[in-house]
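By letter and in written order, the chains are A, B, C, D and E; residue numbering begins at 1 in each of them.
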């Protein structure tokens, strides 16, 4: 198990390296510079000297190769560089925002799990029933709606019309502020979880060993508790991992809509003003998060399923 | 009793503050922090519509107008307890101009004599800065200019000279302002609290200000209606909506800001070489209609470059009328009877971006001109314009409050990439402008500038669209807001007070 | 002397198994086939029997060129079929063909019978439409189908019919050798007889040589001329069908034969004894490397041993020390 | 004369397609005596498995019994309440399936899967049940039963897994064991061992067996009586020996002649195998005639 | 192959979108760009303007019809690109194995690790807003699942008798891939592509929201919705109809994909997201 764990952790490294290269290449050819973006709102006349000064300061006029070497050297020392805009280490900026993102992702995922899995389970137990039909229609619908549209509607309904919840922002970090964005963000994983849970449970229910269990004279409830639950869990865990891993990336739109100070909105803003070190750092962190979650899932998977460690 | 209460103010220009070290940031967003925490040598007086002395009680002016001797405030104290002295100015200006920092404010400091050498790294001191004694500062400028404009910017505020670790300004700003920095929740808000030793007696009134970040108009709208925020900057749709609602319409603060929205024509593009074509476009577009229907009256039709609030604005000069016939005639004259096609480089901005191009598209089609929007991101717009790689662009440009500075952008000696984006060159204009530069009498200077502005209007290097009208909605219990023409959202926090009807005070 | 039709010499196949070291490096090897040698004569049916996983299919795939041998040579009429100097797929296709076990998986569901049969002809340079038609028609008749069947798709056929199509496809290029990997085990009992009869008819009619792999010893006995008994990658016994079934020498062979549920034997037990007591006294049990009752380690090469001829064309594997 | 243990009377079942029912079993009747081993052979798809599932009460959705009775010790299983049926299933009637790989839960140790039987039917605690499970494993001659009880199915060979299935099925000493092709997935040598095991254990405990197979050889070596199914009908039934010696139904005859028999080549030379199709002109008529021999006598016509 | 109700509902909705997009030039009552009269902006639905007018005074109904063209283009072209990349890589990796397989697997893992919206965001930033960039951005981002499915299908098809038979009959590798393997894995690939179309339409909307989508005057549903979010109270129809159009078309694609999947292979449900 230790070897397995270590191996899975080491496997992250090449992926991260390739991602780092990829985003460096992409953002070295992106049009627009940070310095020029300072004048984008037209509130000042452009100042060529200042633009030159800033580009020089950020090393943007150095040859690509040289910049690349510097970037890789820094990365190797776990240094994500310094933000053009704030002139603070990118690491600090991300650190400031990470917790808000995590909070959002975790609450969204917990919500999705708490609702999606039981729904999927119940639907699978009674395929073709009203509950099943309604759940599955709801799930496809949830997957078919633009997220920001849903968020906007929720915002108008719950904040403005009903006045139950604050409409936006982080507030002082209270749970109330979290509800709307988290629920909106949770809709997609919820729908997916309901679907995979249902499909997974159905698959398990059709497996031969369930027939064996019935042939032992087991009651439905015991079959589910003793044999279905754990096997379905294997599938659910995979979905949870993939979803949870990509949730921070998906949160970009929601964070922007609800003015949630996570790394998703940091990323979008930084792309908009071409604060390249922050963009690169943020994407790396999002990717790393995905990889770490999925590695964790693989380990959980191996703990649940004795067949994994074998191969 | 005006004292007390918490103001929830909105910072609408982005979803974060770039930095709390405001000297490092040219963004409007950080001006909210500056306004609360910092003070510069000068400040903008919204009522008189001009810069006034802030950190000095008085100044003496030399004969040629280049040397100013400032008698500094004696009661001003930094939040860290240090009394204000001339050293703080020298420290701050050197920090801003320091070539290693590459701060955006350096170009403002450049008005001080010897600053250029310092910025270029060729001198260790700024020769124009001289400390007479702790309370007296002598500054020599490069010319007989009004130093109020450059030295009132948020990038030229004064920091205390006794802070060892300069990087701490980015996290823990220390200033002379009416409010002390309390906390920053990144991406969410900055909280400031009343400074007891503020130099103006009896101020500020407020105990606390939460400057909350809220870039999304719709979110701000909901929050304002929910009374979660005390003020909100309105977009066109909300402006229209608020005007129609009884509870809201009485608490709107409007001001003509100093930005001119326009479509700049590149004379390198063949049809735009001809003045008649440029004029024809001005005639062909029904700007007032666009302003009324699309911009929801949240703007004033532009009759020239200088805006309504500019001292050199010419009330008698009529804007281009909407006259498609005349436009067609002009085009025929210019040899474009069959029209032509051009691209407008545009950002997504709703007030001066792609939507406006969409609106002129059918109008120009009627006179035979085909317009194609060429969408770019905001950050790429500046690049496209300053690198002169456009046929036309649509932008909002600063056109005040100082008319001399505003018209600099049409002076043929100004680089295209600096702000003469349309590569405008008119000997007639240059003559008037250079005369105005030398003129010391404000009235005569404004007169010259007015004439110069009219020449620009006739030559139509741009399509004159509108001057921005900024609108702020505020809760009925908020008092002391001022119509700040430079930026309505930036308010003098020390003047604001909250009355008893505020929900938080009941 | 002319070389035999097919000659396999010291064939080894090893598969790398991942997941050995920390990063999946230091790979272990699975020894699937360990030094197999045999030859196949024209018109002969040679069967390979042995338990699951002993390397029967791997051997067959090597001969078909679907599996690169790790060591050893395979020669067709003296010409190498694998390794350096081997002919391309095209030449090999004309020499060896295969009939697959699962009639459901062995036909492309998206190809009609005609295109399944025509495509290889075209590939091998038969372009005249009439010739193609003619050959397809003849072949369908050979395997007991009618020309009308050519336009149909696999799902329109029963398992037995599909297997006939599979045989037709294998024979369309007129190969001399046909590898049969469990040709009837997936078929329902009632159809097996038809296919077995068909295979025997075709062998006689076209002079084919069969290399047959089967679990089913009664089918092997029925069809084969010679039999190879494989055990974990090695041939443990080799001989004519009569020798193998009447006088099995290796304990594994005997166990194999004894394990066959035979209605005759079950219903008349004494007969069973008679058939297998024809032991060869000179082969003491200890001279065998393994009696096949315990699974050897597939990750190490087997201990050295030797095939010893105990009667004319009847060989048995004995421990190397004893035979030296 | 003793009462039959299992008495299937005129069982009909089919696939429910909307309103109509597409029949799969057209009236099947047979009896199994206590301690007797009864074999079912027949063409693929002739309804052997569905018959066994019907006895177990494990028919799933589109499949349903339309008429008939399944009497087990005189009780009609089809009329039994679910609860009662559950108590019977596994306890009195147990089943072994064809694929030992998929019939075991891959995520659970085999020990636990066997122990479930004791918890379910004997009300044992898990701890006791696990101990009994080890015992059950040693009963089916699994070496190292202690250690094996803690293994997962994928760590075992096919033969071992099938032994686990047998241990599980026989855990509560059922009166009837249903084995649906329990050895087709196994190698010949392993198959022989498993068959011997079933035979011995059932004989020891007096358990009756319903044995389903394609393989006449297997049937012959285990069963006392054989029923031959064809297209949803039991077309012939007889004592094993009698059936082999004097098959009466065309299909049975075809079946016996279709397969090469070990040793027949050396005795009689290679003979052409019987092609069932050639002896049966019209398959649809095949179910019209049935040859059911009364027990204890040689086959006779009905 | 039995196709359920879902499939037909999905097929119906998709047909509606195709119908709208293809026939837009003939059935739309107005021009989507030029028929803009600011005097009649933000009119509620009536007999002339079935879905009302937008802020520019353009007919929302017309623009939704033309928007279907954009959505279809985005959905189909991006999925064709995705499928070509995914199938080519996945099939060759599965067929040839070895270092190429390792490389493709690594690349797939990388693509999977970068959330697709973020990758699309980056690509759009480089290429600038607009339809061609969007097609590239969405076409490059979502092939990893297709690739995985193509690879695993190839691996299982490779051991099928008919593929081995083709090898023994002397077929070349490419011929085998294209005539034997590809046609037999089109089912799952088609399912992925159909589901991908839905997410492409949603991604277009999300990118528009982030200011990087298709830019006006092209009437894309995403940009219509984004532009309308300010008007949700004043002129809700400007936001509701494009929102509904997105919802229904994505629902259509999703149901179609689900339906296909259920009829092709009920077990595939759990294998892909």
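Here is the rule we go by: a residue touches a chain if its C-beta (ideal position, glycine included) is under 8 Å from a C-beta of that chain, and two chains touch if they have at least 3 such contacts.
Computed from a prediction, not measured in an experiment: that's the story for all the values here.
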For chain C, the least number of touch steps when starting out from chain B: 2
By count of C-beta pairs in contact, the leading pair of chains: A-B
Gap in Å, rounded to a whole number, between the CA centres of chain E and chain D: 52
Geometric centre distance via CA averages, chain B-chain A, whole Å: 38
Gap in Å, rounded to a whole number, between the CA centres of chain D and chain C: 32
Residues of chain B whose C-beta touches two or more other chains: 218, 376-378, 380
Residue ranges of chain A in contact with chain B within the complex: 31-34, 36-51, 53-54, 56-57, 85-88, 93, 96-97, 100, 152, 155-156, 159-160, 163, 166-173, 256-262, 265-266, 269, 272-274
Chain A-facing residues of chain E, complex: 106-107, 109-110, 112-118, 121-123, 125-126, 128, 198, 202, 205-206, 209-211, 222, 225, 229, 232-233, 239, 243, 246-248, 250-251, 254-255, 258, 267, 269-270, 273
Interfacial residue positions of chain A with respect to chain D in the complex: 207-209, 211-219, 222, 226-227, 230-231, 234, 304-307, 310
Interface residues, chain E side, partner chain C - complex: 160-162, 164-172, 179-180, 183-184
Partner chain E, residues of chain B touching it in the complex: 217-218, 221, 235-238, 240-241, 286, 289-290, 292-294, 348, 350, 354-355, 357-359, 361-362, 365, 373, 375-378, 380
